[in-house]
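What follows is a set of structures for review.
You will see chain A twice below: alongside chain B first, and alongside chain C after that.
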Partner chain A sequence: MIIPYLIIMPLLAAFLITLISGKGDTWGVIFSILTEITLIILSVIGFILVLENPLVYNMSGWNIPYTITLVMDSFTGFMLVIVHVIALLALMYSVAYIRHLSKSWKYYALFMLLITGMDGVILTGDLFNLFVFMEIGLFAAYALVAYGNRPEEFEASFKYAVMGSISSTLILVGIGIVYSVTSTLNLAKISEVLATQPVHVVNWIGAIFLVGFGLKAAAMPFHAWLPDAHSSAPAPISSMLSGVLIKALGVYVLIRLIFNVFGFNAIFSRVFLGLGTLSIIAASLLAISQWDMKRLLAYSSVSQVGFILIALGIGTRMAIFGALFHLLNHAIFKGLLFLNAGTVEMCLGTRDLKKMGRLGKVLPITTGTSMIGTLAVSGLPPFNGFFSKLIIIIAAIEAGFFSTAGVAVVGSLLTLAYFMKFQRYGFFGDKVIEILDHKPGLGMQTAMVCLAVLCLVTSILVVPQVRELVMDPVINAVLNQAKYIELVLGR
Partner chain B sequence: MILYLLCFILLLIGLYGVITKRDLIKIILSLAIMEYAANLFLVLFAYRKGGTYPILEEGREIAMMVDPLPQALVLTSIVIELGITAMLVALAVRLYQKYNTFDITKIRRLAG
Partner chain C sequence: MKEKHGMTLIVRTITRISVWLIFLYGFYIIFHGHLTPGGGFAGGVILALALLNYMLAYGREKTENWININLLHDMESASAILFLIVGILGIAISGSFLANWLSGGKLFALFSSGTIPILNIIIGIKVCAGLFFVVWTLSIFHIEEEAEE
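Then we have the complex of A and B:
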């Protein structure tokens, strides 16, 4: 049984780091890297295993109404692999980057708590347990955003914590209402009972959760905290938050609740399409006007989440494939771009695009990988972003959502526009820069190169044979509500 | 029904405070009010008119007991809220050290 270890190991590592470390960060680095390598192996093995047979684990051996269930189907495995790949590379990057800020083990302990929270949210099959793990993850995220000890980081962290608390309160009220309707907290049982309830009850409950988790996913009217938090955090944390946290806590939970528990219907579809359209267009326009490098990337995250949301709104099999594929791709290229921005910030001491110049000579690896990341996010072949956006647009046209397809095309063009600005001023400016404040470490460069390679390698998922092998079980897990109930309740 | 309504009004008071107040400490207090309202909601859902304590003894009916599960949930959520509130207060203290004010209109380095 590998499921509980995915939660126990990072939690144990967090507390061991706290206990064993003296003043320095040596034990923190050793423990967190070892844990993360083990977790990545476990999650890959788990993903391969659950492609055939999904696993269910009942905590402490009790049976369903009394226990907390951990469920691992192929969708869970898919998310876990994404989370741990990005986490390992971000951690590798952190070692050099964080030492230039401070030499403390606290960072690694908090990082492990963040992983615990995300793993828990992804694995759990119990609504209240999901809430608890979400809070563990968010708590670590608030602390990590403020880690750099500068005034604006505290400001961003406070804003993030207030918005996070409001959404958590709404989610708690939602959980209360679900419990009063269904008398159970197990997601599969809730799904079974809600199917017998009138549709307006389901829609109202769905509305509360859409607001709550929409805030976590930073869809457009709920996005206000994201540009501050993601641009102020240390670079590896930005890439964790933008790459996986908003997806694990926001998009993943929305997909699980709407598709597997509440049942997808026309109203949810329209809400997703509305939120997605607004996110794509408005966030892209805001991104164009930014001069802070990481802020531009943060707005870009809002707009890319919009692509995932419209694909979910379309709701056909192909669109779900597009959504999941784009989710994977966005985690990779946005993780890469935030790491690039962090390297530039560390080497030049500024995030202002106007103060940068030609970096090709002094930072060749950063310039090269950022070019790859830019091409991927703007949707140019043969990088992964091109294929996921193409699939979303084709799915929209196939399903008859022509205006949505138009929005996606316009969104892609706007993405290209603001990333042209990012490249032109950030890496290919007029002023030639020859002296750097710091040199990027080996770990930092390796992490960036790995992510850049992944940008190209994940394109392979569009090949039909690979897609059938890897993605089809994941899409089936998302779309097949009855199978999820059957799996957990064992009938 | 009136209880639920009052509880909902308490939630809205908290939300109003978070949105309109300018003082960091008042924002934290408003959040606390909101969270209390949410907890009260959960306890109210579990309550049954004339219900007794939920401990199984001989000669007592299960049907007359209040539901203990939401009470357990509320205990957990109170612990979580304690942590988050402590975090927010710590952030407010650090913000005061950096900016010398609790007024959020003066703490504005991030904009756009």
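Then we have the complex of A and C:
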């Protein structure tokens, strides 16, 4: 059984790093990279295994009402692969980047705790256990955002901590209400019991969780923490937060709860569509007016999460495919763009787009990969972003949501607009730059090139044969509520 | 004879005695975690409070001489690893994580209920060290502020 090791290994690595490392970061680098490579292998093997037969693991050898279950179906496997691919590349990037900030093992220990939290949230089949792992991940994230020790980073981290705690409190209240209504915390059991409850109970519980996890996912009215936190964190952490944390803690949990536990209905659909539309349009407009490179990318994350939310709101089979595909794509290209921005920040010592210039000569790889990332996020063929946005728009038209399709098209155009600004001022400015403060390391460049290649390679998921093989089981896992209950409770 | 840090002689004399009583109570709570209310977390908090009691009465510097901070740091990390090792032994012996692989023993005996007392002790150490370091770290800022004045 591989499921518990996905949580045990990063946790063990985190504490081994704190125990063994003396002053330097050598052991931190060795342990975290080895762990991450093992986890990537485990999660890929796990994903291939669960495409056929989903796995359920009962902790401590107890049975369902008493135990904590860990559930690994194809949706879980899909998320785990995304998390670990981005995490490995971010770690590779970190080695050179973090040494220029400080030479400490603390970063790697916290990074491993962040992975533990995300793995736990993705794997668990127990509502309170989900809350505990979410807090582990969030606390590591609060510390990592403030890792650079500058005043604005502490401010961002504090803001993140306050907003995060408010949403966690709401989630805890929600869990309390669920427990009082259903007398169980197992997600499958909750799903079974809630089906017999009046629909307004389900909707109220859903509303509380939508606000709580919506804040983690940074949907528009709850987004205020994100631009600060994601722009002040060290670059690899920004790419982890934007790439996977908001998805694992926010979007994944929302999909799991709304589709597999509460049951998708018209009200949830309308709320998703509303939040998504607001996120896409307002965040894009805010992004256009930014002059801070990483802040622009942070607002772009809010707007791209909006695309995922409207696809979830449409709720048809094709739309879910679009949502999951866009989730994967956004993790890859936003991860890449944050790493690019981090390289530029490290080499020029500024995040202000006005102070940048022509970087093609001195940073050819960063310029090239950022161009690929830009084309992917703006939705230009043949990159992955084009296909996922196209699928979302087609799904909206097929299901009769014409205004939503219009919003998605306008959102795409606005995305292109602010990324033109990003490219024009950030990489193709008038001032030719020849002298750099620091040189990017080999690991940093490799990570960026790998992500740029992935931007192109993941387009292959639209090929019908590949989609049937990889994505169809994932979509089935999301849409089939009865199967999830049957899987966990074994009836 | 007033020292720079810490409190008056009365408080320090009382503390010298009461610290050991608090320790005793903390260990009692931890060791009876599987029999009475309480357990690793509650007992660990009490142990941490004993250390903090000493720190408040005698000040930071004397506490640094009294307990080995580095050892406490290592114990904090090691306790988490030990917890995981007990869990992994559960996989190895009984087939699932944290399964109780020791025999249950006699009901209500002090040495009974398998791995639960072991885990309680480990959690106690972890919580004690963790909570102590939270206050310890916060007190660093206090000292720096005084130095600026």
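Everything that follows uses one rule, which is that the second predicted complex is superposed on the first by the 491 of 491 C-alpha atoms of A that agree within 3 Å, B and C clash if a C-alpha of one lies under 4 Å from a C-alpha of the other, contacts with A are read in each partner's own complex, and residues count from 1 in each chain.
Definition applied: a residue touches a chain if its C-beta (ideal position, glycine included) is under 8 Å from a C-beta of that chain, and two chains touch if they have at least 3 such contacts.
Worth saying up front: this structure is predicted, and the values here are computed from it rather than measured.
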Sticking to the clash and touch definitions up top, decide whether chain B and chain C on chain A clash or fit. fit
With chain A's C-alpha centre as vertex, what's the angle to chain B and chain C, nearest 10 degrees? 40
Return first, second, both or neither, reflecting whether A:Pro4 touches chain B, chain C, both chains, or no partner chain. second
For A:Leu19, decide between first (touching chain B), second (touching chain C), both and neither. second
Applying the document's definition of touching, compare chain B and chain C: which contacts more of chain A? B
Examine A:Phe139 and indicate which partner it touches, taking first as chain B and second as chain C; both and neither are also allowed. first
Does the superposition put A:Val302 against chain B (first), chain C (second), both, or neither? neither
Name the contact category of A:Met59: first (chain B only), second (chain C only), both, or neither. second
A:Phe154 contacts which: chain B (first), chain C (second), both, neither? first
Would you give the minimum C-alpha distance from chain B to chain C, in Å, for the three-chain superposition? 6
Partner chain C, residues of chain A touching it in the complex: 1, 4, 8, 11-12, 15-16, 18-19, 57-61
Can you list the chain A residues touching chain B in their complex? 128, 131-132, 135, 139, 142-143, 146, 151-152, 154-159, 161-162, 164-166, 168-169, 172-173, 175-177, 179-180, 185, 227-228, 231-232, 286, 289-290, 292, 295
Residue ranges of chain B touching chain A (in the complex, touch as defined): 11, 15, 18, 24, 27, 31, 34-35, 37-39, 41-42, 45, 69-70, 73, 76-77, 80, 83-84, 87-88, 91-92, 94-95, 98-99, 107-110, 112
Help me check something: in the complex, which residues belonging to chain C touch chain A? 74, 76-78, 80-81, 84, 87-88, 90-91, 94-100
